[in-house]
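The following pair of complexes shares a single chain, subunit A, combined with subunit B in the former and subunit C in the latter.
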Partner chain A sequence: MSNCALKASELEVIRGGKAVLTGMSFEIKQGEVFALLGGNGAGKSTTLLTFMGLLKPTRGVAEVMGQSAAEQPDAVRSQIAYLPESAALYDHLTAWENLTYFLSLSQCRPEPKALSDALDAVSLPVESRGKPLKSYSKGMRQKVAIALALLRETPVLLLDEPTSGLDPSAVEDFHDIIERLASNGVTILMVTHDLYGACQVANRVGILRAGQLVDVFEADADGNIEINTVRDLFLQQQVA
Partner chain B sequence: MNLNFRIQQEFFFLLKSKAVLGVMTLLLIMSGVSVVLGLNYVAAERQEIVELIQLDTEERAHKRTLAYDYGGAAYDAFHAAWNPPSDLTFAAIGQRDLNPTLMRIRALAIEGQIYETDSINPELALAGRFDFAFVAAYLLPLVIVFVFYDLLAAERESGRLNLLTVTAQNARSLWSIRILLRFIGVLIAVLLPLWIGMSVEGASVGLMLSATLAITLEAVFWTALVLVIATRPNFRSETIAAISVGTWIVLTLAIPIAGKVYIESSVTGIKGSEVALVQRESVNDAWDLPKSVTMDAFYASHPEWANSAPLHEEWHWKWYYAFHQVGDEMAAGLAQEYRATMLARDELTARFSLLSPAVAIQRRLEALAQTNLSASLAFEDQVRDYHEEIRRAYYPVLFEEVPFSKERLAQIAIPDFSESAGLDSE
Partner chain C sequence: MSAITLIAADELRYWRRSKVAWTVLLTLLLVSVCAALVSNSEISRRVNERVAQQAEADAIFQAQPDRHPHRMVHYGHYVYRTASPLAVIDSGIDSMVGTSIFLEGHRQNSATFAAARETGLLARFGSFSPAFTLQVLAPLLLIICGFASVTREKESKTLYQLIGQGVSSSNLLFGKSLALGLVALIALLPLILLGFTSTGNDSFGFRQSLFGMAFGYLIYLSIWVLLIVSFSALLRTSAQSLSVLLGLWIITVVLMPRIASEYASVSVPSPTHVETDLRIAETMRAGGDSHDIEDNAFVGLRSLTLAEYNVESIEDLPFNYRGLVALRGEEADTEVLNQFAEERMAQELQQKTIADSFAMLSPVVAMRSFSMALAGTALPDHHHFLRAAEDYRYNMVQTFNRLQMSEMTLAEDLARNDSDDSGRRTRVDASNWAGMPVFELRPRDHAQRRQAASQPGFTMGFWLIAAFCLLLLSTRWLRT
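So, the complex of A and B:
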């Protein structure tokens, strides 16, 4: 695959003496949205941490844009924007201040208009933007975190339970953003419990169980994934 | 440009961190209070010196108008001797609380005059003085612990660490500026009042740099120590705080206390008051001895006066001063022993300072401020030399039995202590 953005080859990761990933392999093309579904402890977050170079595999390789995350973590991270589940930004700073501070970490100096556009894109109310995040709901914080990911303008986006805690309207907005990014060539790896959301937005959905990718479902020509089949297998894996 | 922006943002972040900023402000206030108290202390000392010199001069002049013999004139003439505060004394008062810095001496036995004041303010010495050295030794490390202990753990516990690391691309670029700015903030908070105080005192640039370097090295030590603990991957913030404060207790309290106990038990010796006692007893005993015993002993050590006219039964000042001098000589060995004991304790304290940064910084500041043991002993030596000058001024008229006259008395010129000790007249 020549236009491969993310690649896991025989990935094995041990955390706290326990094998969390046990020889997982997959590839994600540039501009593709790939959702990893799995229960608690299946290895979803570990997969993301390994691609970010924050965990080193005991065996195998995690590559981002052709570079090994374990061997060239700085270079890999410059290609990645990450959206954590808890949208852990600074509560005492406003949305503007959070975005400006985090972007300064990646040596970016954002224009006010770019910040404004990003916050518009996630539909954060204008009157909230100058208030500290401690006054925000979880969904609003998540929107700020998504805005940060947008502003990074990286070719790869890693999402950890991105719709957790969002109301249905915010989830719809989020899916729109994901589709827009993908159409612009951004590669997205999303780990989630949200079966329906994953099937709605992803080009492919993988089922992760005990550190192994047990099945992958691909969208048809219309972009749809057979949700019932995925659900059955997912639930089956959960029970197993 | 991006680095400037990064620094600017990190500075803004620091300004928004109220707890960190608050503790830095507290350090600034404590440092400022210590400097103000120190400046007041040295101002009072200087005023006391000026007043003492003036009063002594007036009193000596008055007493000379009443004098009717040279011995009586010498007996009544007190001469001020002082150890002037240096440009950094306000920051490290050190031994000046314990050892005399201001004396009124006369031609009588010197050892008693030195050691009868060897413990000016024992209650204050017990509590310790709140000076800048105290702030630097005890409070600065605590502030550093507070500022740095949860630097990493707070981010990890709030779930931000991964996002921060990925966004910054590496830990070095993430932490280096934040650590540096906090470190500079702490340094400015502790040093700014010191710099102002030293400017007020007219301290040299070299002294300022030396004091700044000492404090900076201490701050580097504590910051590095706390960061080593704080960057352990599995430590929670409360664990880091407990270990850091525990380390502070060991290094600033336990080791110095253990050192003090060890030094006092291992280096035993006489006290200054014992030197004074031996000298006083020698003087007192001399009243009951035949005069010839005292005079023989005196002439043996001072043969230049051996040709003085023999004494008769009646009172004579030269016998009186001779037995005072013999009293000093009787106590000289003990005085040396006392000094050796103090130096031995000081040397052991220096070794303990290698284990305790609190002791090390206090000793360094006291050395720079000339308020340490060496400075106290040097002052004692200056006083002894000055006292010798006073004796030499009176002995010729006493031992050569020059007939008394006010004109001859007026010719007995004794230099001011500042001249004798080579002090700056200012």
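So, the complex of A and C:
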């Protein structure tokens, strides 16, 4: 069995009559953290939605754990935890209720302690956990969404701007979580504007421009990516 | 719990915590209960009024002194239509048509030729009754409650989260439909409770009809639930969903019944009251005046009767020949009157059929017909009353005509106005009308009402299947 967790082959996706992905290809191994960097409209979120099976490619294939997202969306979704850009949770529910509800929908029945631990891991204040999310800041909501993604315990994690709205300390905590998950074999594909964060946690960083992967940087033996090179190329691509 | 019940439970939790939804739910419950109470009180008042009026009319009629029988024919008698027990739920056309008829010789009065045209019957927006609440208000409140059931998930991006948890679009839409369906049940609660708590004589199967109505309304509201969730799934924003659903409500609930009845009245125009009266008078004139035994129209009758009894003159007959002329004259008049009445009723039914055909364009048209048919307050029930009243009138008049035949001689009858004494000799004992049976309308039984409800019932079944198909299509076209 191949250890490729995510694979995009010649992926072409059209949204609203416009080609957003134009023949993108890449592979991500199990336990790898791959960050996709790109400007607005480069096709970052579209890539994630295609792997979720929410968008059907007009050409090419998006595979998750060897299964086509377009052809077997239900099977694929059971392998994926997805963290959207804006924490997509219910305002009328508390953090606890949101977690319980979404997890029960995915047939997960975690113990209360596991819920507590997940919320501890994202540093959500204990006193806020019983309050409806409408009273939460954007960062607090994002923490709950991250906790939900963690609790799913899926082999693949798709993250859309995961650190958006988080304070610096929470960003650090989040990076620790990502590293811990990766070391446990979870495959992570994150799309982000955060160049520094991406270089800090990712094994590889891809630059996305106009729906195509134009360059990929790999971490060296020490796990570092030369941030200046990535930044220069990224800025070059943005100007071009 | 399955994904469907989890989603339904969360939707209900959302409504419970949302003030707007809570207000809508309370309004729905309050309106349903108020409509049941108001309607119950109104119908009880009407029933009591009619019972009292009928008793008074019977008493006055039976208390008439000794009279010439033909004076009783013209004195006449009032009969009242007692309301169907289910008029509490759906008063149907009761308020649009006459519920009392003055019965007398040679005429069919009031309600028979009242302006009970289909135009008026179907176009009405409805009185404040449980039927009005369920047909008109409940869909509107369901729209207010459910228009954003799916669009809300799109706008807050929780749809991605749900799909990300492995929730299929069909489970999502079925769950949302289940929750909205439970809200719809609130509106049906008074009807169901009434069915379970109603007691007493049920020889006409009103309890069965009540449960039939509850089932019909369940289907009708389910159609709305499925349409609401489908449009919420198919459209991108809550604003779009609300606009489209309100438009649909206005067209199907407010406009379509009116268009249907207007179209029906234009397609089958009814003659005016005056036109009808003139045609009846003209036709009856040809049949002769039964007050005049010398009228040419009765020459044949005279010859036949004389031959039959083998006598030379009408004075030699063993009965009062004037009574016989009155008897045969009433027979002929009634034939003419019934012919016009049946013609009129056929026109009304034709208009109803045309109006009912609009049920394919609006479920409320089907629901109204279904509900009125089972409640026993539809047009055929009104016609049933008219025919029963006419039977009663005919029998009453002919009873008096027979009394005129048997209780006096022709000579006495012809001389009745000569003096007080001769007038007294033609008076018949008051016990003859004091013992007359009172008018009792036997409602059409459950089988007849069920048969009348079957066609609109099938149409509602079609709507339910169509709405379910739309929901299934929406699961494929769910727009994120």
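Quick notes
To be clear about the criterion, the second predicted complex is superposed on the first by the 239 of 240 C-alpha atoms of A that agree within 3 Å, B and C clash if a C-alpha of one lies under 4 Å from a C-alpha of the other, contacts with A are read in each partner's own complex, and residues count from 1 in each chain.
FYI, contacts are C-beta pairs under 8 Å (C-beta built on N, C-alpha and C of every residue); 3 or more make two chains touch, one makes a residue touch a chain.
The model shown is predicted, which means the values in this text are computed figures rather than measured ones.
When the two complexes are overlaid on subunit A, subunit B and subunit C occupy overlapping space and clash. When the two complexes are overlaid on their common chain A, residue A:His92 makes contact with subunit B and with subunit C alike.
When the two structures are aligned on the shared chain, A:Lys113 is found in touch with neither subunit B nor subunit C. In the superposed pair of complexes, A:Thr100 makes contact with subunit B only, with no contact to subunit C. In the overlay built on the shared chain, the residue A:Asp74 is in contact with subunit B and with subunit C. On subunit A, the surface patch touched by subunit B in one complex and by subunit C in the other comprises residues 49, 52, 54, 74, 77-78, 80-82, 84, 86, 88-90, 92-93, 101-107, 148, 152.
Contacts from subunit B toward subunit A in the complex involve residues 1-3, 5-6, 8-10, 12-13, 16-18, 158-160, 162-170, 173-174. Of all the residues in subunit C, the ones that touch subunit A in their complex are 1, 3, 6-7, 10, 13-14, 17-18, 156-168, 480. Residue ranges of subunit A in contact with subunit B, taken from their complex: 49, 52, 54, 73-74, 77-78, 80-82, 84-86, 88-90, 92-93, 97, 100-109, 145, 148, 152.
Residues of subunit A that touch subunit C in their complex: 49, 52, 54, 74, 77-78, 80-82, 84, 86, 88-93, 101-107, 132, 148, 152.
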